[in-house]
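Chain IDs A, B and C follow the sequence of writing; residue 1 opens each chain.
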Amino acid sequence: MSNPALVLSARDLHRDYAMGESPVHALRGVSLDVAPGDYVAIAGPSGCGKSTLLNLLGAIDRPDAGAVEIGGKRVDRLTDREATRFRLLHIGFVFQRFYLMPALTARENVELPMAEAGVPRGARRDRAMELLSYVGLASRAGHRPSQLSGGEQQRVAIARALANRPALLLCDEPTGELDAHTGAEMIALFERLNADGTTIVVVTHDEDLARAARRVVHMKDGAILSDTRAR
Amino acid sequence: MLLTLVRASLWRRRSRTALAVIGVAVSAALLLDMVMLSSGMRESFRSLLESRGFALRLAPKGTLPFDTEATIDSADAVMAQLRANPDIVTVSPVLGGQVHVALGRGTVAAVAIGIDPAVQGDYDLRAGHDIQRADQMVVSDQFLAATGARVGDTLRVAGGYDAQMRLLIGERRLVVAGTAHFVYMPANPRVVALPIATLRAMRQTVDDPVSLFMLRLRPGADPATVQRWVARAIPRVTVISTATALRQVDERLSYFRQLAFILGSVSLTVGLLLVTTLVTVSVNERLGEIAVMRAIGIATRSIVLQVLVEGTAIMLAGSVLGLGLGLVTARYLNGILSSFPGLPAAIDFFLFQPRDAWVSLGLLGVCGVLAGVYPAWRGASLPIATTLREEAVA
Amino acid sequence: MGDRLVVRASPTGLGDTVVVGAIVRRSADPSEVARGEYRVLMHLDQLQSLIGYGDRVDRFAVATAGAAATDRALARINDAAFGFQAYRSRDIAVETSQTFLVVSRFHRAIGVITIVASAVFLLCIMLLKVDERRRDVAALRLMGISSATVLKAIVLEATLVATAGSVLGVGIGVAASALVNAHYRGVYRTPLAFTIVTPDVVAFAVALSLGLGVAAGFFAARRLTRVHPLVLFGR
């Protein structure tokens, strides 16, 4: 299965959830390959399995059947501890609701994954400021999430996701909580990130965000309907 | 980063943290008091017994010193026997009784101790001078206050008083040579010390009785060996070492040790419960945060450690505050128990030893860790995806 | 029982031979608690003769026909007495119970401290548990339920919990009291009661625990209902 040219390779993924008497088939045999530098948008109606797929790709959840490889490593076979460590070093996550630590400042939020990875204090502080500058928030480094707008919080979340230089950035509805103007700013940021070499997989309802991606995967009822390369 | 997270988290919910710290402080104060109570009386009593350097005490057979009116007769012969033992360097005889001081139409009663001034171990002189003649006495401040006398005054003192005939028996004119602090007496007593021969003569006893012998041993002598020798040589006395005396005091006041243990355990349990509740609520509120931390790669171990450190920090802060509070309440409670009738004023029920503080802090620290372990582990073990979804819905 | 013993007034003096006729139980006298001495009961004239007391006694105990008779007897004896004094037994008991008065004061102080500590703990825990439900409270308020209704609901809950706790506490207290008495009666070999649970004590304890519980619930609820619902949601 291994293809060193691919950042991510998912084969025949199945995931069911027990709900009442009969199980819900959230994913039915989904396969997906992502090459380095790709910018993939996964779109589809609510309940089609987009977020479930993202959780499996990010080793947050395990498939009932199928395989997920990231950088040549079978992440679906990792123990919980190994998966956590893998996520820390190789995957960046951006969530719809930002999920910044409310008690920490913007800089401290970005430093958090680096501290866990054992990066020395000076080095992680520098990198945090570098990333905050990249997303245009160097001047807000000392502010807490409650003092930032939604768009600013999401940019801090993106900076946090990039802290340990992951191979892959996974985003779940990153513009879901933002207004149209701020959403557009976020789309521009993602384009810049991808242009600078970051591999991005984004799950979204947002048509504009989907259009900005290089490749759009449409899902329905737990299966991929189409996989179109836009540009 | 861990300390940053802990500090930030505790500061974010300042009022809750403060309240928990106060709750732990109260628990810590009570625990410290109970630890002090469990050993204070014993240590205080030991310190008193050892303060004069007398390792052994002899009382009439089957009694404790001054527990009854029994006496050891033919005391001079007993003293000669004791002095024959090379391990015994000092023998201090003490005869207890009561004297009556004639004042106008009435009398004032006082506790009397007959002693040998050269070897006495019952008082510390405060003013005036020690007994140098048979007609001199050293008294307590309360005695002077009750009689209106001063150092240097001569008083009519009797060894007995016939209440029916209102007659003083064995009257002598004694001079107040000085005032003293009587080490083994309860607070505020009227006490006089006078030569033992004088007291015997005033009581008109035919024999040469004493109530108690106190023995000082030569350095290096084994008290247990001397104790056995005395028990064999003089079977009509009971020999009480410091250890024996402490054991008997332990028996009599075992109630306080048991109370200390029960109350100490209860306060520790309640403190533990408080921190457990706090940590559980804190974790439950942050399940989403915890799930995100795990999603971005923070290890479960790190998350559990953060929660544990939070709980321990509250425990420690509360303990330090509780230390001060505990010392204040201990002083108040000691004041109440000091008025125990018949107890030497020098005895403290609540005696602070640094060891007590460490024991209390240690217990609370361990509890702080234990309190946080289960809720932290539980919160960090929940499935990430499900938790994120539930938190988003919430 | 039935053994012959020699009793003497002093270790070397002459003595009398006596037969152990009965073994008696300790009396319920506080001054005897924790004392390890031995007691011998003899005929008065034999003991007087043995210790050379002559025709003397240390005291008389006088029984009277009721409280009024006690007062009259006390007055007449003290008027006529020369060299001795009559006292009510109750007054003597107070004097000899000095030890237990001290213990009583100590217990009261410990009780006060424990109540204060419990109040602090209760308030802490109640605040935490009510705070845990801030989102529920926020949702209710946004739906249109008034602060007063929410407050009453939480206070009612606190009252029910406090009531249940009080009932349980009374049961535990009664059981603990029985346990304490059984234990210390054995340790000190006395028929004295060390703890007594009376209706007054129960009423006081229940009133205090109910009061504290309801007050803690009220303060915790009021703290939440004063905050805007959106702030409770964390926005």
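Simple rule for what comes next: contacts are C-beta pairs under 8 Å (C-beta built on N, C-alpha and C of every residue); 3 or more make two chains touch, one makes a residue touch a chain.
Here the structure is a predicted model, which means the values were calculated and not measured.
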Counting one step for each move to a touching chain, how far apart are chain A and chain C? 2
Where the centre means the average of the CA atoms, what chain is farthest from chain C? A
By Cα-centroid distance to the whole-protein Cα centroid, the innermost chain is B
Centroid distance [mean C-alpha coordinates] between chain B and chain A, Å: 67
So, in whole Å, the Cα centroid of chain B is separated from that of chain C by 23
For chain A, which residues are shared contacts with two or more other chains? 102
Could you please specify the touching residues of chain B with respect to chain C in the complex? 16, 19-20, 22-23, 26-27, 30, 61-63, 67-68, 73, 162-166, 236, 248, 251-252, 254-255, 259, 263, 267, 270, 273-274, 277-278, 281, 284-285, 329, 332-333, 336-337, 339-341, 394
Quick one: which bits of chain C touch chain B in the complex? Just the residue numbers, please. 10-12, 34-38, 82-84, 98-99, 102, 105-106, 109-110, 113-114, 116-118, 120-121, 123-125, 127-129, 131-132, 135, 184, 187
Flag every residue of chain A that touches chain B in the complex, lowest number first. 51-52, 55, 58, 60-61, 80-81, 84-89, 91-93, 95-97, 99, 101-104, 108, 111-113, 115-117, 160-161, 164
Given the complex with chain A, which residues does chain B contribute to the contact? 1-2, 4-5, 8-9, 11-12, 288-289, 292-300, 302, 383-385, 388-389, 392
